[in-house]
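Here come two complexes built around chain A, the first alongside chain B, the second alongside chain C.
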Partner chain A sequence: MNAPHTPLLPGLPQPAPDSQRIFRQLLDAMAQPGRIHALQVAVTAPAPLAPAASAIALTLCDYETPVWLQSAGPEAWLRFHSGCPLVDDPGTARFALIDQPASMPALAAFAQGEAEYPDRSATLIIQVSAFGEQGLVFAGPGIDGETRLGVAGLPDQFWRDWQQSHGRFPLGVDLVLVAGTRFLCIPRTTTVREG
Partner chain B sequence: MTTSGYNFAYLDEQTKRMLRRALLKAVAIPGYQVPFGSREMPLPYGWGTGGIQVTAAILGTNDVLKVIDQGSDDTVNAVNIRRFFARTAGVATTNRTPEATVIQTRHRIPETPLAAGQIMVYQVPEPEPLHRLEPREAVTRKLHALADYGFMHVKLYEDIARYGHIATTYDYPVLVNDRYLMAPSPIPKFDNPKLNHSPALQLFGAGREKRVYAVPPYTKVESLDFEDHPFSVQQWDAPCALCGASDSFLDEVVLDDVGGRMFVCSDSEYCSNRQAAGHAGSAVKEAA
Partner chain C sequence: MSEQSGNREVAAQAARQRWLAVLARAGVAELETQLARHALPALSWLRRPESGLMMVRARAGGTGQQYNQGEVSVTRCAVQDETGRLGVGYVQGRDSRHAELVALFDLLLQDETRQADLLPGLIAPLAARQAAARDKASAQAAATRVNFFTLARGD
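The block that comes next holds the complex of A and B.
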């Protein structure tokens, strides 16, 4: 926890151009699921956030987006730099910052959107330990055929949970997976199988 | 020359963040219309305010912007919007499709095939494909939720019953990723096949109706039709009178008041490239 006298870490060095650059990487990542991007902006992230997770949070969050934090630590930093409200109930959050995926709530615990407004759903920013080359096969819009990829650091049942979530389309959550300064996106349209 | 006194690309950062969140959800739910807080722009609704706001939210200093209006780089809407972003964002602009990273368009898709990494931004007057059949948004949202698109099939069937063929020639409804019915904006149905499995990301902005939607790259976009009345695009009897192209969308140009007319490419860049490469159509040959 940040004690009141702890100096705050800085946010994005140049908020307007930096957030534009990060957003374009996010847009490309969301449009081409599984494509890995390396953060182009140097950010000093407050523990336990990874640099890419904190940069993405500052790019997308503001007073309109309730944020759910899995672990304490970055509250004061997030509130100061983005002005976002922090919520205790994951079901009411627009963004969730998850640093311990082993103990994260089920995907169904987050906002799934409504039948008429499936966009009113959560985006989960999940910190994993590493990306690899093998282990998972991604398919769906944005992918020309299939993409092979490995993700280390997610619990065993995660992809089963994801396929169940996929079955609720157009409802569901969208994922940003972060490994240090690298990240990729998995929108709800993407099917993931092990292989 | 850039204009001072405005934020980069005109919109304020909070508006851009709101739009960026909407765009990410739009990409995640292909063809679904995401509401957004459309802002007052320095030009009226109907002049591309939706497309301009989308472009403003995505544009960066390294982008190269192309703007077309009905295929032409040189008409008033295209010139104005290109100049607007040259002034407020200082971005480079181009007429050449392969050089552009962002292409804002009113009612056409360039004839030159798009490449991976490019972003198309469409100006959309009416984002709801069911609007003329059901004016209440509360009801059309319910129909989208239920994927109940029977209305649209009945409308296309009535075309066949009355005219013998599907008479819709522009803004021809498409089904995206086998789920959402989408208005492709008033592009001619000639361009509909280019939407399908495109390597480029396609974003749609409707300013007055306050909605954005998207088609990610490599996504199935199917024009609605019937087994016995399959979808087909327009065809012309003669090639372009200026460049001789027989594979492009042609505009009819009235030449005089005694019935003289010629058909020329609507994509001005494509046509002038072909002419520069030595191709000539009937009008050019006659003049020579």
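The block that comes next holds the complex of A and C.
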């Protein structure tokens, strides 16, 4: 008890209103796949998490949602502020925080849901290096026609993997891509092709 | 972890549970006066006081099935000093200052030098008074005890 450890960073500045605001933003982002949202709350994120990734994690995770962390570092902070259990097996996690997409497991390694309960699947919060204008074409529910967008920092096979994941519909994972304080959502209904 | 240090951890945790329980039942005014005597280290509030509900579980007769007795309002907060030591305060009710005071004393009590001063100076007298008040209430209640008996009816 008397062993001093590294001080923890604070969580959301005003937990209740801030998490409600971020949750509302996430709802909008999920309803409009591929649209970039800027985080409306200032957060000090523990390494290696990006500000938006840490704010979204605090908003979504609680004692009922097992979380899988790709890199060590934010365990104590996340446990203190959200109370979520941490798991070693990505297949049992409801949320996964991924800061090194280059070395992340395949999408099929995460919980895909069950035929009766497709919602029992994982939501992946993936930190990418930047969003751009060109490179990917998004289509599907919530998108009027097509959206063009660039995402830098994902491994080459990622979108082929995503296409395969799309074939498992209604099962599959949902994505939240984060770059610094900006984020966008890609639910399992969205098709993404390179072009 | 060796067995000895494991035992020490357990003892330290039990001591901390004891002082947290005593502080949570103490009066705010008294804690406030006591706190004024101490120089506080540099602090940051990791969790500002927040009130919520907690489910109290009970067992009928102490042996029956567990059931939900009811909810109680609880206020909690957490404070840390620069070394990362964490003081927590959980109190029944919605008095956020009370929760803050408990957290601050919890932080101070984890410092061994202050602990030597605070345990006999603050916690022991508080605990003694709380025990006396509880005994008095029990005695008053016990004095109203009625022993019923039933006469056998002749049927």
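The criterion applied here is as follows: the second predicted complex is superposed on the first by the 191 of 195 C-alpha atoms of A that agree within 3 Å, B and C clash if a C-alpha of one lies under 4 Å from a C-alpha of the other, contacts with A are read in each partner's own complex, and residues count from 1 in each chain.
FYI, contacts are C-beta pairs under 8 Å (C-beta built on N, C-alpha and C of every residue); 3 or more make two chains touch, one makes a residue touch a chain.
Quick caveat: nothing in here was measured; it's all calculated off a predicted structure.
**Q** After the superposition on A, what does A:Pro15 contact: first (chain B), second (chain C), both or neither?
**A** A:Pro15 sits against chain B and chain C alike.
**Q** In the superposed arrangement, does A:Pro85 touch chain B (first), chain C (second), both or neither?
**A** neither
**Q** For A:Pro48, decide between first (touching chain B), second (touching chain C), both and neither.
**A** In the superposition, A:Pro48 contacts neither chain B nor chain C.
**Q** Output check: A:Thr65 vs chain B and chain C. Expected answer is one of first, second, both, neither. What do you get?
**A** First partner only.
**Q** Chain B or chain C: which reaches more residues on chain A?
**A** In the superposed model, B touches more residues of chain A.
**Q** Give one of first, second, both or neither to describe whether A:Gly73 is in contact with chain B, with chain C, with both, or with none.
**A** Neither partner.
**Q** I'd like to know which partner A:Ala31 touches here: chain B for first, chain C for second, both or neither.
**A** first
**Q** I'd like to know which partner A:Gly180 touches here: chain B for first, chain C for second, both or neither.
**A** neither
**Q** Figure out whether A:Gly153 sits in contact with chain B (first) or chain C (second), or with both, or with neither.
**A** The answer is neither, since A:Gly153 touches no partner chain.
**Q** Chain A residues touched by both chain B and chain C?
**A** Comparing the two interfaces on chain A, one with chain B and one with chain C, the shared residues are 15-16.
**Q** Tell me, which parts of chain B touch chain A in their complex?
**A** Those in contact with chain A are residues 7-8, 13-14, 16-18, 20-30, 32, 34-35, 57-61, 117, 141-142, 144-146, 177, 179-180, 199, 201, 214, 216-220.
**Q** Which positions of chain A touch chain B when the two form their complex?
**A** Listed in rising order, the residues are 15-17, 19-21, 23-24, 26-28, 30-32, 59-62, 64-65, 94, 115-119, 121, 123, 141-144, 169-170, 174, 187-189.
**Q** Considering only the defined contacts, which chain C positions touch chain A in the complex?
**A** 9, 12-13, 16, 44-47, 50, 78, 80-86, 110, 112
**Q** For the complex, which residues does chain A have touching chain C?
**A** My answer: residues 1-2, 4-8, 10-11, 15-16, 80-81.
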